Amino acid sequence: MRETNSLNRSYAGQGLESKAVAASYSAIRQASEALCEPLEPEDCCIQSMPDVSPTKWHLAHTSWFFETFVLKPGLADYRSPNPLYEFLFNSYYNAVGEQYSRCRRGLLSRPTLSEVMAYRAHVDEAMDGLFAAGLASDLEQDLLAVIEMGIHHEQQHQELMLMDIKHVFYRNPLRPAYRELPESSQQEVAPLTWLPFNGDLQSIGHNGEGFAYDNEAPQHRAYVESFLIADRLITCSEYVEFIEDGGYERPELWLSDAWQIIQTRAWRAPLYWECEDDQWQIMTLGGMRDLDPSEPVCHVSFYEADAYARWMGCWLPRESVWETVARKLPIEGNFREQDCLHPTPLVYGTAGPAQMFGDVWEWTCSPYCAYPGYRARDGALGEYNGKFMCNQMVLRGGSCATPISHIRATYRNFFPPDARWPFTGIRLTKEG
Amino acid sequence: MRETNSLNRSYAGQGLESKAVAASYSAIRQASEALCEPLEPEDCCIQSMPDVSPTKWHLAHTSWFFETFVLKPGLADYRSPNPLYEFLFNSYYNAVGEQYSRCRRGLLSRPTLSEVMAYRAHVDEAMDGLFAAGLASDLEQDLLAVIEMGIHHEQQHQELMLMDIKHVFYRNPLRPAYRELPESSQQEVAPLTWLPFNGDLQSIGHNGEGFAYDNEAPQHRAYVESFLIADRLITCSEYVEFIEDGGYERPELWLSDAWQIIQTRAWRAPLYWECEDDQWQIMTLGGMRDLDPSEPVCHVSFYEADAYARWMGCWLPRESVWETVARKLPIEGNFREQDCLHPTPLVYGTAGPAQMFGDVWEWTCSPYCAYPGYRARDGALGEYNGKFMCNQMVLRGGSCATPISHIRATYRNFFPPDARWPFTGIRLTKEG
Amino acid sequence: MRETNSLNRSYAGQGLESKAVAASYSAIRQASEALCEPLEPEDCCIQSMPDVSPTKWHLAHTSWFFETFVLKPGLADYRSPNPLYEFLFNSYYNAVGEQYSRCRRGLLSRPTLSEVMAYRAHVDEAMDGLFAAGLASDLEQDLLAVIEMGIHHEQQHQELMLMDIKHVFYRNPLRPAYRELPESSQQEVAPLTWLPFNGDLQSIGHNGEGFAYDNEAPQHRAYVESFLIADRLITCSEYVEFIEDGGYERPELWLSDAWQIIQTRAWRAPLYWECEDDQWQIMTLGGMRDLDPSEPVCHVSFYEADAYARWMGCWLPRESVWETVARKLPIEGNFREQDCLHPTPLVYGTAGPAQMFGDVWEWTCSPYCAYPGYRARDGALGEYNGKFMCNQMVLRGGSCATPISHIRATYRNFFPPDARWPFTGIRLTKEG
Amino acid sequence: MRETNSLNRSYAGQGLESKAVAASYSAIRQASEALCEPLEPEDCCIQSMPDVSPTKWHLAHTSWFFETFVLKPGLADYRSPNPLYEFLFNSYYNAVGEQYSRCRRGLLSRPTLSEVMAYRAHVDEAMDGLFAAGLASDLEQDLLAVIEMGIHHEQQHQELMLMDIKHVFYRNPLRPAYRELPESSQQEVAPLTWLPFNGDLQSIGHNGEGFAYDNEAPQHRAYVESFLIADRLITCSEYVEFIEDGGYERPELWLSDAWQIIQTRAWRAPLYWECEDDQWQIMTLGGMRDLDPSEPVCHVSFYEADAYARWMGCWLPRESVWETVARKLPIEGNFREQDCLHPTPLVYGTAGPAQMFGDVWEWTCSPYCAYPGYRARDGALGEYNGKFMCNQMVLRGGSCATPISHIRATYRNFFPPDARWPFTGIRLTKEG
């Protein structure tokens, strides 16, 4: 995908170049809209649970981000199409002002999808003006840095759009498909192999070159004990063994909170799994289809990943362990650019740790915390990451719904331990 | 409006005539669709609270009604466009089968509005076929009676569509208008006058001529003590006095349940009222505008109507009292056909009890119960009314959103005592 | 029981006599305390659901009633043992002041039971002083009337104490007994017989002689259509047939609200019934024992009584129907004075309508409303009955936990339609 | 207090000696009962919120622990006084069986306090028998180790009893005192001083000598960056400054979850604080009294501790930081043995880090997780700690309600971030 490369080029020199950023901006904005092409206006309105936002809201909020943090401070005469948009499309920035209640985003028929698209065009036009002016004088690095962050921010919302629409369609008894997906091609998957690493003091976190979120910094030392790591992700077939061994009925496998939740919510399989006549069916962005046992298990909560690990006598990796392994590997895998929109089986014979990037976000056993010496950004953008450092778990590596340019070995995603609607999966470790 | 007259014509003879019913059917179906013309597809998706259904759902459910109770039993080769519609658009008929959860109607983007319109066309075409066949042989009276009921049913949903979209737009901070409404024309309203009636044994309920719901029968005797009834509805200006006298802060004016509810929900005025700079604003189907003090107060719950009556040292009328007065009056007033879509002030100088029909549904102090000797219809249609005879209050007279042909002096509407989104208002009585 | 007779004697003349009222007062107060004798201090603390109050609270609240409505207005130098008792033991009288939250009554370890008993003694001593002074001058009729009401009020709480402790013990897996009860003696019960009554205009309500609550007045005319009434209560054996016929699984038998509730709460039998090895066990105040099929079914909600009636093709009686039958009968039956504390089988061969009084409160199909011309008492005591006239159903006739002197043919008890912890049962009617 | 010393003596040799353990057992059991002496039977029944258990339940559950894990496996002929106690007093051990619902512990009047005391005596007698037999042969080390764990377990419940009864009395508007406490003696507190530590690789966790819970092991390496640590706890006076600076109204100081919670629960000060006429009052185990500004702030949640730290531009210590400092210090401070039952002001002039042990549990910024290589105990006792390693934060150092013999530098207490009823306070760190 084009946007990726152009964004990367912008880091060629010391600082950001207006031209490269402008190109990335344009590519990212088009990519968001391209994601909506298979959808009807009604699809873009629905909030199927509080965590889900309507497609329309994502499209508007990502525009609001540029309006609020770039256009309003950067363009003296900028005017929003509607002063209430500041309130409606503010996600959680208290420093910007009050926010429309998150759980009510699905109650808004207006602005309609076409009004939201007009809002996007309005913002894009103003951004074009800004870039055009900037290309002469070159824009200030500070403003460029915020635009760059806005670009990464919009990539995150692209993944959310896919996660959310999958959930919306799943909740509808008609089970619509987002679009046609490639057929699943069952593979024979090699047995799990354990790769050893020796204990050592490691440097963890982002070293400052290129873009990173504030939560990846500062780089710091951490002692990582010896460990073994699984060479690939856990497959559906392996997870079915856990289910068939009574995994969901055995309290000794579950954290206390987890056991409560699986009772209350009657969880007996990953999200999107349904058993009909002894055959597992799953919901995909292409609609319902038979489970492919060879593909990585997906849409498990941390609680389920942790119970699976315990059942195996293993652990989920700490994030320092995961990063120690990942930073030596090239960033390649089943990302959104592959256009599968679903995790795919590992092709037989791959050497070394495989599937570390792409396919599914990998739950770690690390709660999402500040690194030692962490400083949130100043101002409203300081609310981007820091204030969520509680009651969430870190995930690593990106998924089949993540743009490849969005991912780094140091990238820290985070979700509450009961979240299942992201594309999440399981990699195991053991003591070395 | 055409549909009214043609429907009434069908009662000319002893039984129902296929041709008249077919004409009514066609008129009613078009009227429902005409109500949607001002709406965008997104507007038709939204469920702003559990009591509200999306416009789209109303359009589909009223079609489902004819499909389920007329076409499936009446046409051997009838096929629904989608077998899941039976489940999705069943409101509450347990005898038909399981129902999609009421409070999740707003989570369905599919079928889209245009798919629902295609469903309507599909049903209409089949109904046309039925009528065409029936006009030769004349349809059985039983089937015609069910069609007639379906027509009245769809009229009820037309009112619900207006109630519901008003709520949807109110919950949106942008406060869209459904369409332009006539300006409010403040009137000077004459002081309330009390009209006396002498106590007597009365015949209450429907006598069996023409259409009526089962809950209006059987006609029976009830002793009605002497009473005085107010000659008009309570106005906004009168209700403002109640508010300004601390009506919402004085527990002695409220039923015990009511007092809990106004605390919990922080009610301090009718629904759709907002006070800004000491000026009351209200939401109408034409958007927000200044309160017209001379118009009837609307969107009060039974609890508020009852508290207002107690504050005045009066009562709300029993339904037998209301019917005793109403059955001598012609059915005329501010109905949907007037196209105001809002209650209007009483023109000065009207004699006799005014505004009994139209403008606002009048809360009675009568809980919704079976009349002595009541029999619900047989079969699934017996669920239409009877199973709701608990925890609801009777309302009488129709509103500015009711088709005039839908109303009779014996007509019993019902809502829970905390409902405020219907067009509901207040008429007082006193002991004679 | 003594209190009964002495209270009745007080109505011998035109007005109330201090001496008779004093004797009744003393008897009632002792009776409340006698009810606690089988209980441990811990038993008196527990609130097993929001509707239940701890025994201790009943003992204190009934004292608070005399303190608030008699001693504070009647004795210039009266002092409460603790000024916070006014707040803690006010049930729902807004005119008196704020109330401690009802659902938190079980969170109070203090005052302890012995402190509450000291509070009772304190109030009794002050009442004795009042009576002593009054016996010289004779107390004002107004004050005597309030004392009389307080006596009836305390009788109501005696029944509540028994209802509540039964629930408290049932919720405890140890299932303690309140005290030993007489063995159940299975009877053969004669088939149900239908007694006819002709339709006529009836006088309903209390005629003003002797004590009555305000909700029984005024006496007024009501037309009662011809009807048949069952000669006895429905038995457990008859109710078991309903269960075995799938009564709880057939939506067509249930009101809409009822159907929701029996799903949500998983009701499959009356409260206190448990099925073990195909044998019904029930909780009584004597602990768990086998169900006696010949005893009247008890602890059903209105919803269940109504569903049972529908299953039988019958109705529950309107309250005017019930009163028409009952006012010709002597007040006798299985009341608290019989000391069974449980409904008992009808002895074979009784003629005429039996079990109308005592055994179980009989659900009527009448929502609890004001009679035409109803006036609540002035002042805080006006909150006693009137403000509850919404969302409740009328019950008639008293139960095995009601003092016999508490009951009249015009007596209107009321509970919400889902209440099951009172001693409630079923009598049927049919159209005549 | 005696129990401490005797318990410590048991570690003199390589293994545990029956005699020493028996002495500890006896001392601990008596200490639990001594804590109840100021209480009435009613006090011991109350559950003022789901987290709180009735005193009676603690007394029974700690006995159940010995019954379940020592007597049943260790004494062939042991019989429980009531087989249902296994169910009623099981806290959360799924491997033992079903548990009575935690949030319903306050609904049990039976067993009464005296029955619970009889249960304790029954268990103690059996334990005496076991010890007596064991002193001849010397008991197996495994069983002794479980008894030792039961002793530490009972110490934890002693602290819970004090926490819980404080909450019970606070929720009662009468605000009873548990017992008389020493007067608060306001001190002048020296300004906060920062003590530096150099970054280094540290050994963290328990080294295996003497008793420790499984969650303190294994000892492992962790790199601790340079830091400064406050030489004392934050005082009430310092916390009042935070409140007066609008601390509770400034979203930028709070974690996102925290900001939701302080809105929803209307938190504006620590638990047990009330402002009356501009004077802070606090609830203590001695009842309400004026706030002493010089005493350590107590009863703050992690959320409040974290917000305070952010307001100060500081951090809460990681647990590795805290342990690095603490393990060089003697274990001394304001523990339960001081009998203050409330944190006390620091006496002027103390050198080095003060108040590290006792007074209040110190919130760390470390989520409660497994140490690398952690293994839960086998069997049911493996549920003691491990299954709670999610959504909780670690606290260190013990409090004025903790027995001194219960605490170690490696001791890891844990509570959810919104818990305020433990004796919790604040110590700050900064980057070095």
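Per-chain numbering from 1; labels A, B, C and D assigned in written order.
To be clear about the criterion, contacts are C-beta pairs under 8 Å (C-beta built on N, C-alpha and C of every residue); 3 or more make two chains touch, one makes a residue touch a chain.
Just so it is clear, the model here is predicted, and its values are computed rather than measured.
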Mutual neighbours - chains that touch subunit B and subunit C alike: none
Centroid-based (C-alpha) most distant chain relative to subunit B: D
Rounded Å distance, subunit A centre to subunit B centre (Cα mean): 47
Subunit A-subunit C separation of Cα centroids, rounded to whole Å: 61
Subunit D, residues touching no fewer than two other chains: none
Chain contact topology (line, ring, star, complete or other): ring
List of subunit B residues in touch with subunit C within their complex: 92, 94-95, 201, 220-223, 225, 251-252, 254-259, 303, 315, 318, 365-367, 369-370, 372-373, 382-383, 387-391, 417, 431
Partner subunit C, residues of subunit D touching it in the complex: 40-48, 56, 82, 84, 87-88, 100, 104, 106-113, 168, 171-174, 176
